[in-house]
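Two complexes come next, and they have one chain in common, subunit A, joined by subunit B in the first and subunit C in the second.
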Partner chain A sequence: MISRLLIQNLAPIDAGDGNTFARRRKLSLAFVGIGILALLLFGGLTTPGFLTLDNLLVIVRAASITGIVAVGMSYITISGNLFALSAEELAVLAACIFAYFMGAGFDVVSSVMITLVAAVVFGSIQGVVISRGADPIITSLAFGALFQGLASVVSGNKQMLLGSNAAEWLGTGRPLGIPMQSWAFVILALIGWVVLKKTRYGRKILLMGANKNTAQATGLNRTLVVIVAMSVFGLCCALVGISGAAQFSRATATMFPGLNIDVVAAILVGGIALQGGRGSPLQAAFGAVFIALLQNYMLLHAFTSGQRMMVIGALVVASTLGYHYLQGKR
Partner chain B sequence: MATTANSTKKFRHRVMSAALAAGVALAAPALAYADGRVVVFSPPSTDNYIAAWQSGLKKKAADLGYEASFIETTRDQSEQDAAVQQELAAGADTAGYIWWPFINAAGTNSLRSLSRTGKPVIFANQYPLEGTESLWTAYAGIDDFANAKTAAEMLLKACDESSTVKCDKGLIVTFPAGFSAGADRAKSFRETVDGKLEVLQEQPAGFTSQDGYKVGSQIIPPVKDDVTWVYTQNDSLASGIVQALTEVGKTPGKDVLVIGGTCHGDTSDLTSGHVIGTEVQGAYLEGWYTMQTLHRYLKTGVVKDGKVYAEATPDAPPSDEGDISRYNFIPSPPVGNSKEAVEGFRLWGWTMDELCNY
Partner chain C sequence: MHRSDLLRMTSVKKSYGSLVALKGVDFNLREGEVMALLGENGAGKSTLVKLIAGLAQPDSGSIEIGGRSVKLRSPQHSLEAGIAYVSQELSIVPSLTVAENICLGGHVHGPFWTDRRLAAKVKPYLELVGLGDVDPSSFAGGLSVAKQQLVEIARMLSRNAKILILDEPTAALSDVEIEKVLGVVKKLASEGRSVIYVTHRLGEVFEIADRVTIFRNGSSFDPVEVATLDIEQLITSMLGRRLNEMFPPRATELGKPILSLRNLRVAGMESPVNMEVKRGEILGFAGQLGCGANAVIRAIAGLNPVLDGSIAMDGKTVNHRDPGAAIELGIAYCSDDRKKDGIFAGRNLVENLTSTNLNRISPGGVISAAREKATAEQLAQQFNIRIDRLQSLAGNLSGGNQQKVALGKWIGISPSILLVEEPTRGVDVGARAEIYRHLRVLTEKGLAVIMCSSDNQEVLGLSDTVVTFFRGKIVRQCEAEAIDLPALMRDVTHPETNSPGVAA
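So, the complex of A and B:
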């Protein structure tokens, strides 16, 4: 009963002042929204072809891989468990599992289902360990090494060909002219937002992140919340892995380099509170789009990779400081 | 995020250091015999090119009576440096070292440490940097400059012969930043096409199809009406570029000429005509030849000045006897984009399928 009341009245508990909490959340969203609009305007004025439909689709497509995982990761961060740094390795493992079953003659649907189930199981196992009190960063790093090793074993350190192009549409299809990955990204972000804001489970995640001790004292099942959050993360990693393998009809143990850091950057730039309790999958999605937009601008202006890394690093630092200020942590 | 990245790096370093220390401590007593032990430092074999390179090296080592001991590290030069220090500290005897750094320049201090042991050091895969000549015994591997020059010449020839595209502006998509082989190839390619083709942009990408697509899908759309050729440094990158071109309505091989610098992964884009040509830089063959170079030096103790290119014979591999040179290059013969060219290719007894599809 107490737990239900707390969940239903989460905002006042979290910040002590519901209006202040809501205002800060809106400011965080506005911050990244203004950033995207400003960059679009600046890019459009200074770069020929930047604001074309083709290029905007390219940007959303580029944001999709990072964005899908960032949406999944947002539940982990909002629940007060920082990050899972095993995204890259779990996506790689999922790609290898998918390629393995496709190569073994399984049909696309069966291969996809097996991969999704496997990734959810891998995610939930991490959730079990983290919910027992283990540090989420260290735990996920260790699991990441395990997943990378498994991918290496499954692939035999060779390219795994899918054996047929039956799954190619999963990676290259363009319903209504929009890439499959972009559809998945947008739909997942919206579903993620609805679940977080409109369901009991979503409110449990927010409460857990806002005040872990209070949540536990009211009988909220922390283990279940963390396991489900990690399972959603696993599912998102699997979608990325399947999509990547399907795109080129092959998988290797070296796919998705740098995905972990890209996803963390999207979470931070999106303004999700590191301590948990605030934020939404939409903010993670906007963060991914903002970074993709900036990367695209820099690529079109032939920035070197060092310059690009420097700018993205500075953006993350500025975002972290900016949100810190907005959240009243001066 | 900087803090998180640092924590991650530190954690990985600690795990890596502990694992290396334990591995070296356990292995040292067993290696007392070690006259035939060859220590090989390389980036990780999770990369399929490196896995095939190691496979060739291991097979040749076994054939010649050596035991190849691989010390792999992640794509982080500081980890590889730690591995070198721990291997040397363990004091296990060895016949010689094979050194494949990830970041060539950053690995110079480790190379110096290896050279001070007095054992031969064969530099592998990446062309050694100027000024480091006293630190290594010989180089065995690909000539990146010649590889890129050949790719550029293939492209220029294809441009001359094409009836569908007039080559003018184009793009260069390279290996990752910091990987010196990528920079060497880009430099050589530019020099060869200078005055004949215009380079719109050069961007580092990586090694895989995903890397090629990630960069290509962003830099190609704004210049899709201008771009007439793309030089990639391996065929996996080319595969990503082919898809990026297709998505903007271009037909690779017809509207835009794509050249892959190194066969890598599979030959489907070559046989389909999407890629105009490639070069056979067999990873297995490169590892095999690197081990043979070390063995020949151990037998004769002689290194001749200059460069030698192993002959690209269809069946007979080079002899295990004779003096080596300072630079010992494997052949990387060009291959056109026909099914006949691919299926009829043979080098040292291996087919193109065996050398390129891994």
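So, the complex of A and C:
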């Protein structure tokens, strides 16, 4: 499946003479593909229990959590707005909102809808601020603090129980043997890819990221592009928050530790260019799979959470430097 | 020769990507002379100067100073070799004193200094450039532009420079100030220093230069003694071709007025603007940097706010406020910096050419590959872009092809007015003629073009109507037939002077 996706993604950009950009994209996709295969092989050979069905399911589910958000974040990066560093906080807030309404006796569908709408609103507010020219990193960092604070207030810093297990299937269900989160991940990644490559909105994201000034001069509406990208991001965070709350039948204000850095790592490892205008949600998805594999490998080898965070941090530094270097060789 | 060659460059080549800036140029400079460099924009003179100043390195060829072969790898290297470069953009720090500015980056003081010690050190250099009456402890920001220019020269002299490069030092100066700078240049040369003087003003060549090297299209001619030249010969050598070979014939018949500006006031123009553009007309704005022509163009493009007066299309006042509104009205704008806001360098030509017209290629929001291809190919054909390059990234094209893409992307929305700044900046001669032809073909279909350019021949050769600008004022508006090159050059550099031989 991986190799087929690789080929599909490469076909439309097979370009003519001297096309260094396209060549580099092929390279970065090949890198992460090879990285995933190498990690699978290495992990399987050195780690008992790594390639068991149970463990692979754990990996797939973990990859899905990071991956859903990474796919949502990829539009922000590709449109030239770097990252939104409020993923963790928005997911936590969504979990708390979901738990609040479930706990208050609302049915599953209403609670999900309310949570999704709230998250889209929270996402688009950030989009409004960023589209006014504010720095996306600072803006999302500030909103992250705001969301985290709001989640603490809503939850009273205590566990919020869902009250019933009516929503449990959202977190633990496995239609056709595959976890719900993973269905969502794969479907979102494919939709995200098709929208980017085949729709007017996707084209606007790419052009905006390729050159903000030219985009403005040709009359493309930056405000709309950024707000929609941030809304999609909010939606993806909410999906993660809901599935997390449903899985454990509770929400807390510290549910998704390290999600922000994992998502950033996934985008970077997937090879999406930080300056925007290139890349696809599929790259973010592959990046997320790689990060999940790495995290799982470290868990099985009894790395402490501190050690794992150090490795991911080092990986982000290394890939940032790596792409910076590649870009410099243009 | 009674004077020895101080600097000698032999078959120097330099390319930037696919653009060949210097195709094997020879150059020499004698001790104690003023050598003028003349040439059109992009002819190669600024590239040559950059090589001497150590700001760029030649691809091949040799540079000798005083008979010894040298490699000038950085501005620091050049300074050590006795070469000082004063660029068009001054590097004076306004918040430092005159003395501090002169000592900036140099080694004329020890670890400790006082204002008085600095002042004493820089006094002789100030006197050298005729600024003996300026207080070294005053702030440099308080000086006139001409005096700042001279302070910059004094700074270079304090580094013991034997060769001074002055890049259009008088572009932003008034007549009296120009006299002062020219006087200093003459004096420095008479004291044995060599000066390389880059200029657009033919008059200055006759006034101060001993010899002149003319650049055309990346090559240079052998230096000529100025005393043996007249201004007509100079112009012919610079152009190297008859104008009518380069430019398409003018419009024989113009349509109805489409755009009119009435008492339009915008930032950057001192006086209100009144003018009219007809369908099928190419209106050319001539002027140097900061003359106000760009301010008018950008106001029409919706980028500069209209302070007063009106912009009317087909008789209706529009006074739009942003580029989006201008596009809706059928006004397309190509800036003078296509890499910045004219093309999407990292996307392919198909996406570039269709970027203005996404609605047409994506009915219902979904991009139709067939429509996209058809639209792009039609535009490519119209602008003579090879179909097999449509998948290439715009950033990988030559300057000329990039410019065709920057222009071509607008044609898809069938604009009624096309605004172009510097239509052929960084474009080689062959592609230039092609771009001129494309613009003319567009006007033959009823489009109106307003272009501004600092390339005077271009304005004169391409336009039906010429408007000359000087420092925020319109000097003249007339049919292109009614003005010649010397008059146009005088308008944009020196409208106060009337004798073409002195300041053309």
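Just so we're on the same page, the second predicted complex is superposed on the first by the 299 of 330 C-alpha atoms of A that agree within 3 Å, B and C clash if a C-alpha of one lies under 4 Å from a C-alpha of the other, contacts with A are read in each partner's own complex, and residues count from 1 in each chain.
Throughout what follows, a contact is a pair of C-beta atoms (placed from the backbone, for glycine too) under 8 Å apart; a residue touches a chain by one contact, two chains touch by 3 or more.
Small disclaimer: the values here were computed from a predicted structure and weren't measured.
Colleague: Could you tell me whether subunit B and subunit C fit or clash when both sit on subunit A in the superposition?
Modeller: In the superposition, subunit B and subunit C stay clear of each other.
Colleague: Touching A:114, do we find subunit B (first), subunit C (second), both, or neither?
Modeller: neither
Colleague: Between subunit B (first) and subunit C (second), which does A:311 come into contact with in this model arrangement: first, second, both, or neither?
Modeller: Once the two structures are laid over each other on A, A:311 reaches no partner at all.
Colleague: May I ask you to decide whether A:55 touches subunit B, subunit C, both, or neither, giving the answer as first, second, both or neither?
Modeller: The answer is first: A:55 touches subunit B but not subunit C.
Colleague: With both structures fitted on chain A, tell me whether subunit B or subunit C touches more of subunit A's residues.
Modeller: Residues of subunit A touched, subunit B against subunit C: more for B.
Colleague: Identify the partner contact of A:83: answer first if only subunit B is touched, second if only subunit C is, both if each is, neither if none is.
Modeller: In the superposition, A:83 contacts subunit B only.
Colleague: Just how close are subunit B and subunit C at their nearest CA atoms in the overlay, in Å?
Modeller: Least C-alpha distance: 24 Å.
Colleague: Shared contact residues on subunit A, subunit B side and subunit C side combined as an intersection?
Modeller: none
Colleague: In their complex, what parts of subunit C are in touch with subunit A?
Modeller: Its residues touching subunit A are 323-324, 327-328, 333, 335, 340-348, 351, 355-356, 358-359, 362, 365-367, 388-389, 391-393, 395-396, 409.
Colleague: Quick check on the complex: what are the subunit A residues that touch subunit B?
Modeller: 47-50, 52, 54-55, 58-59, 61-62, 83, 85, 137-138, 141, 145, 148, 151-152, 155-159, 161, 172, 244, 247-248, 250, 252-257, 260-261, 264-265, 268, 295-296, 299-300, 302, 304-306, 313, 316-317, 320
Colleague: In the complex, go through subunit A and note every residue touching subunit C.
Modeller: Within the complex, subunit A contacts subunit C at residues 14-22, 198-204, 206-207, 210-211, 213-221, 277-278.
Colleague: Considering only the defined contacts, which subunit B positions touch subunit A in the complex?
Modeller: 1-2, 4-5, 7-8, 11-12, 15, 45-48, 50-52, 176-177, 201-204, 206-211, 213-215, 217-219, 221-222, 239-240, 243, 248, 265-266, 357-358
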